[in-house]
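Next come two complexes built around chain A: one with chain B, the other with chain C.
Here is the complex of A and B:
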């Protein structure tokens, strides 16, 4: 009888284990395996035998100075995008709780529309708006002939704006739901004690919303670190002389467009490790501050 | 603990059971396969496909009349995604076509993937095969094996606006140095025009400058190559084609600029004629070979073009060979010129075309002066995909790096890709 009892959880876990194993473990295992092989199109179609190369894909990657440049640019760009997304999303979430029904509906609809637009169409539309000669923005400011994508920082700024525009609605909606769930009594008590708006936000809302914020922050970091479409479309595959490459675009260009799948897998593994590290550090920091997620 | 053991066991099972998928190439049917049934053909889609499709339909009618109980299923594949389509066809023999059109720069990649059949026997048994020039054969040969029949050539020459030149009293340039001074003179006199449309992403526009100066792709950091690159990047400047506008232009964009009348000169191909005639430049332009360094010389052009080949996985190789030789023959090469402006590769066909249309003369002259090609190496695909040359040109054009620094960096990447 006791044997059956100890085995029962295993059987019950099996369906979940099969699904998780099939969807996550197996692809991750394949990724890791490919990253230690010399695996190009010639190997896929059987023209040449597959060869084990050990850490060669990794050493080539880590000794490539361009990789480090691109990694640095990606980290800074993602960090800026995450901060901007959170600021815009949180600001508008608070605004949503303050305005009356009609404006709230309008703002929500506008945000939902931005969220729903496919990344390729969104990026293309923004490119029309900021076109060098014919763009609405350049005509509005009377700066026809100004190429936004010529300078590295204006190009990153423009792409960053599109990334924020497409990802703030998620933050806004999630935080709005969180704020609405905060007990009114707590807010009333704070108001009675003489807390202003600013103080209520930082000392009441933020601590209560910490678990929601954690999810929003981690999601944003992962999304913005992996940005591909906006860079690919707007800077035509990495900008002038590759000045706007981010890690995902670099991986695509170096590995998949060149059919060097082994090398691409190595970049994928490195990206996964970086994101895993960021997430773990962030979660630990949260735990240390006394919050259990 | 038991759970961990079970998980570990499951993981071990997966690891031993699964390696990355590799398809074994099936060998072609030795007897030439069935002589009846549906022949599958892949040709490139074109911006203006109608005329090409009409010629192909004619060829299909002729073919099916001579081969009873056959049909020809022609698919037009997008040039942008051809690489994915071909990779898919190599990996899945069942869905592979029999006859394919492919770009000659793609040859080494497809050859190392083992996707194309040896055409040596087909071409030597084909009466018109003898008309293929040695250069044309070499461009479709990889490591001693003939893997395609060159179907047509594309080369670039200098288009210029006759109205602008006569208004300003200019002559077509006779040297590359004159090209620069002419371009600057035009921009100075007509500031709304670019002298010559050049682009940072226009590799095949830049390479003739490098080749004309005695440089090459495999020695891009040599003094000659650097002189050539400098001559090209000097054109991406305020006094001709400002970097803000031109640094990230592709070849296609320079065609648009010339066709829409925004540039007085452009380095365009024979295959761009239709696009130019569709724009405001129609009837107001002429073409000369792109000049070299010394007067009277011609800058070596890149010998672009497409081949016809047979897939190694083809179900009906014998039938495919018949269709390929029909399409690649003199008759249909001449028809394809009439329809699309594609330069024939067979000598009799190109003589025929040159005799009846003076437009091709500068292009035939350019080919006659000697053309150049990208390295026949699978590494070229990687150089192309990772944008090594556009990055180099753009770095110089935008002042991010000097010619020496940019070429040294590019040379390292090219060496790495070609020696692996």
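Here is the complex of A and C:
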């Protein structure tokens, strides 16, 4: 189509703009608005007028030790998941380059299968595997009467395992494609110079793959920071006494369980700001990798 | 060396088995008879498979209905978001206009927005819309279709962009020279060529809508008939005793369709990811995305090359009908007769991986990769 000045792109973009404007931008504006209102069940049902409270939701949030506790848990949980996902994904990507055809096919098919499993059914399956009495894992290792989801750390660990299980395939596949694209001559030269596997990985592959790595890391951070379904399903909405809450679940719970919509919105805004910061880093990584938009 | 490889092979197979074990366990538990499920001595096999659990799930709890609901929502989302994304992707790749980059970055940022945080305003939005338009309020499938269309859109556009830009401009120009209007170019030329890419995008949209738990939970509050699979599945969790047989059967029903879908199109998925995470960045992974895209986008066998370097860069003529004719013409126009049968490596353009251009591949047909077809040019 022509490159002359025309209104055609506007018409083509219009449907997308309408949908995204109505269901992305407007709700984002509303989220910001709700976060500065006193908006609870009374206002929803129209019993009381909506009141502008300024930064009150935020100040209450920031002085609440619970919030800081949840924030810390979220960051640590996401960090652990990202690290584990990357370690497993990168390790298996390197492994894939060194095995014969059949094992490679098996491993990539298995990873694809894990990738495809919906979060809800993945969670339920792992819950059954780790069930107190009927779980295969407890029976296999002879652990009696131990409920993995009662303890805060084992519960987080189990949820993290499901998250890693479902997200390492993306890292593996992406990095494997990257490694395969590295010119063989570079690796041969390294081998001739006497570099071992470990050294080749850290000093040749990692620097060459840095742009891809950056993207994989940031994508993982964004995904793992937003984990919702697994936590909600496995810990029944945040665990005993909310010990397994993350920011996402906390916001949801505040809004829809406690009807503190304004407060929930404020948590949502905080989360959005954190992810926005990560996104800016992502965009800069893209630009540095020579991406032309 | 040999032994080392054997060890690594075994390790890889073991990891594959561990990875796939939960899925095996899910399906196995779904077909285990009730007695074995409640046994304190679970065995990783069953000698008496039974479909009791499935029967319980489908008959007693009307799971078929939820399956259908999920399917309807997902298919509608796929259709609408695919269409809108196609139009937007064309606008973003075929035209240069002001704020183009801004629009692109907006779509990228939109992918990062924690949609979970938007549930709160969206809940009120959907409630208010429901007052005006009856079909899309709370407790309706329409509400789910609406939000999922919006949330799959940024990624779909971002991914389709790669597929559209892989179609050479010469095609559009040839069509326009032949007097095709803009609409004809869009539907008769671009749409058929992007169809394989659209299929890849559809899988992502489908899975997104199919897997969604959050919005189903938020919007479908009281209308049990309009529930979708993920919520319906949680019915089997009971405070006193979970019906694990039914849970696993329901999980299998939810997983297996997606699993088959995913495995069938897996290569295209990987190729499509190139559009999102830019696997095909110059330094490295590029070929992963680009090569797959070229190889698996079916009829489109375009070998990109830098303009003005002497070698023809264009699609290979193929296909019937108007699009095919135009495609043939597009090839013929820029090509110089002398290049047929010439094989060579195009120098990297902006640091891209060298692209091999093979005349002979062009003559014999595009479906085969230049390198596999013409070993001579290796």
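As a convention for this text, the second predicted complex is superposed on the first by the 238 of 293 C-alpha atoms of A that agree within 3 Å, B and C clash if a C-alpha of one lies under 4 Å from a C-alpha of the other, contacts with A are read in each partner's own complex, and residues count from 1 in each chain.
Simple rule for what comes next: contacts are C-beta pairs under 8 Å (C-beta built on N, C-alpha and C of every residue); 3 or more make two chains touch, one makes a residue touch a chain.
Computed from a predicted structure; not experimentally measured.
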Which superposed partner A:259 touches (first chain B, second chain C, both, neither): first
Touching partner for A:132 - first (chain B), second (chain C), both, neither: first
Partner chain(s) touched by A:200 [first = chain B, second = chain C, both, neither]: neither
Residue contacts on chain A - larger count, chain B or chain C: C
Chain B versus chain C as contact partner of A:13, first or second or both or neither: both
Which of chain B and chain C A:27 touches, first, second, both or neither: second
A:43 touches, of chain B and chain C: first, second, both or neither? first
Partner chain in contact with A:154 - chain B first, chain C second, else both or neither: neither
Chain B and chain C footprints on chain A, overlapping residues: 6, 9-10, 13, 26, 30, 34
Chain A-facing residues of chain B, complex: 2-3, 6-7, 10-11, 14-15, 18-25, 83, 87, 90-91, 109, 112-115, 200, 243-245, 247-248, 378, 381-382, 385-387, 390-392, 394-395, 398, 400
In the complex with chain C, residue positions of chain A that touch it: 1-3, 6, 8-10, 12-13, 15-16, 19-20, 22-24, 26-28, 30-31, 34, 92, 95-96, 98-100, 102-104, 106-107, 109-122, 124-126, 128-129, 131, 133-136, 139, 165, 170, 173-174, 177-178, 180-182, 208-212, 215-216, 219, 222, 225-226, 228-229, 232-233, 248, 251-252, 255-256, 261, 264-265, 267-269, 271-272, 275-276, 278-279, 282-283, 286, 289-291, 293
Touching residues on chain A, where the partner in the complex is chain B: 6-7, 9-10, 13, 17, 21, 25-26, 29-30, 33-34, 37, 39, 41-48, 50, 132, 145-147, 149-150, 236-243, 253-254, 257-260
Complex contacts: residues of chain C adjacent to chain A: 5, 8-13, 15-17, 19-20, 22-23, 25-26, 29, 37-42, 44, 83-85, 87-88, 90-92, 94-97, 100-101, 103-105, 108-110, 112-114, 116-125, 146-147, 149-151, 153-154, 157, 169, 172, 176, 182, 185, 207, 210-211, 213-214, 217-218, 229-230, 233-234, 242, 244, 247-248, 250-252, 254-255, 258-259, 261-263, 266, 270, 273, 277-279, 281-289, 350-351, 353
